């Protein structure tokens, strides 16, 4: 059995990491919000609505980051048959999907004041939309396959195929975007990022990373307990 | 204060963005935590019953 | 006459491979096979658009490349969920994977058979529907060529979805959810090629990119399908 | 035409040592050992869910073993199991749209790359009383007829190791007799047969009860699963 694989060891590690992750999260998010809302300049064109950027951009980054985490977990699960890696993908997926959805929603909320419509087929937003569908497919596959072990490995294969396709999708969407580029579409991350704007952006981004660790630990605990329950039930039935 | 809330006329959008993000992040963790503990209770209950029978 | 030791038959799996392809193409066109249904879907779905957007020729001409490609793509997806499931349910998949053809041979044979029996007819049929959609004449040839270059990627990536959901009852909808996002590049470059031809712009770069995606799909598609099939056969 | 009497190599051996198989977080069977040499018949017994089918699929190489050793060897070096075995499962592997003759020809072509010898097909069909159905599409067959059609494969393709999952299902007495005769002659030619079945076939062989290898009952705490 893998040295690090059993759930008890994971729980011990999680218990020691949790306080640190939590405090880092609270600190960075609090200061990030303070800078974002109070202490950074409004944009000369967009006015105060630029503050939505501090929610939108980190969320989009996290959507991409979590998919990479899922891909690494899937690779480990498939190559080394690592039982914890198998469910790490399932634990991380909802977090990634949430961040991707938040990126889309905040993108729309930001688009409305700037271009007068909630949705604009900007290259980056469209890629995030397709990425959201990849998350949905991954999570749906987990639920559809009954046997936990097989569901995990099937979803892992899909995650690897997905991660290989993401750059291709990104390229084709950007290429498609330039093809149908309406005259003057403001690029979503604003003309240039004023240095004062950089601070809140980075703080929120680090805060979201710390948040991911916290959420991931709780999601993993849930998945581990669910697996314990299903194994207990299987043995109850098999006990005959 | 109201000037701050107004956000130069974009208050609705800015606060919805921040509010929605905050609610989503917090709900996900709380729900996962609650479910994790609930399932753990179930597992312990089954274990105890199994011990009595065993 | 007693032969002391069984002569080692050199099992040529090539013969078996083509026999499998022929069988699947035959079954696809046999009663209850996927091909006739898929072509029927393609015809009906495309002809719905004039009802939806109105019969004005310029409108139809404008959206023709996109509609033809999207519907061909959807027709491909709905014909794919039975790619492995039919053989999985009647047990012949067990025999195929235990035969010298092996997992890799089965996946390649099935994808090739699907491409020949389903996507090829779509490509051949598309121009007739192009007429109905008032597609500009310059676009006809490139429409066929783009479908021929692009559809292998549809069959290959679709095969991954089919293999992942082979043991899932009513896996068809799930398969579409899994596969359609991965079809975006093929769709974009395919429609881009036909649009370019219609606007008298050189379609070659679009076709090249479309071909690149299909080549990529060969690598990713076959590897993932074999892995997924091995998993399902456990 | 006296059929050439094929004789399989005598030093083929199937050897399992402390074989364990875990699936879906549950142990199906643990540290099972047996050795099978040419000409022997192993009959798997055990309640449903004891892992009979799993063991057959493990031997066929479709299911990975979790622990222990499992080797198929001939004269010391390992044998590629896939090219020397034939398996029949609950499902019959017949395409309903094709006739029995086409199904058999397809099976022969896929398994050996050669075309089917019609005389061999005729003999096989006669053995299981299917000669009159050769040109009928399988979709009209009863489940018993379909099962007998599946059993014909052992006559069509000559492989040393036969794996049979519930071979007697849906067979009436004289077909059961035909099956026993076919198995007996295969054993005499040095073949190896492993079958999982509830009702006995009158072919003498070794019995292996999988219940003896089930994970120890819940009472003791050795419910080994990495999740508990």
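A, B, C and D label the chains in the order they appear, each numbered from 1.
Note that a contact is a pair of C-beta atoms (placed from the backbone, for glycine too) under 8 Å apart; a residue touches a chain by one contact, two chains touch by 3 or more.
Predicted model only: the values in this text are computed from it and were never measured.
Asks: Hey, which chain is the most central one here, using CA centres?
Replies: Chain nearest the overall C-alpha centroid, as shown: C.
Asks: A-D versus A-C: which has more C-beta pairs touching?
Replies: Ranking A-C and A-D by C-beta contacts puts A-C first.
Asks: What is the distance, in whole Å, between the centres of subunit B and subunit D, each centre taken as the mean of its C-alpha atoms?
Replies: Result: the chain centres lie 53 Å from each other.
Asks: At what distance in angstrom does the C-alpha mean of subunit C lie from that of subunit A?
Replies: Computed from C-alpha means, the inter-chain centre distance equals 32 Å.
Asks: Could you work out how far the Cα centre of subunit A sits from that of subunit D, in whole Å?
Replies: So the centre of subunit A lies 48 Å away from the centre of subunit D.
Asks: State, to the nearest whole Å, the distance from the C-alpha centre of subunit C to the C-alpha centre of subunit D.
Replies: Roughly 35 Å separates the two chain centres.
Asks: Mind pulling the subunit D residues that touch 2 or more other chains?
Replies: Touching at least two other chains: 23, 218.
Asks: Going by the contact rule already set, what residues in subunit B reach two or more other chains?
Replies: 50
Asks: Any chance you could list the residues of subunit A touching two or more other chains?
Replies: Residue numbers touching two or more other chains: 150, 228, 232.
Asks: For the complex, which residues does subunit A have touching subunit D?
Replies: Per the touch definition, subunit A meets subunit D at residues 1, 5-7, 83, 147-150, 224, 227-228, 230-232, 234-235, 238-240.
Asks: Residues of subunit D touching subunit A in their complex?
Replies: My answer: residues 23-26, 47, 49, 217-218, 223, 225-228.
Asks: For subunit C, which residues are in contact with subunit A within the complex?
Replies: Per the stated touch rule, the residues are 157, 160, 164-165, 167-168, 171, 174, 177-182, 184-185, 188-189, 192, 209, 213, 216, 220, 224, 227-228, 231-232, 234.
Asks: What residues of subunit C sit close enough to touch subunit D in their complex?
Replies: Those residues of subunit C that touch subunit D are 1-6, 9, 11-16, 19-20, 23, 27, 30-33, 89-92, 94-102, 233-234.
Asks: Can you list the subunit D residues touching subunit C in their complex?
Replies: 2, 4-9, 23, 57, 60-64, 82-83, 85, 87, 89-98, 106-107, 109-114, 150, 158, 160
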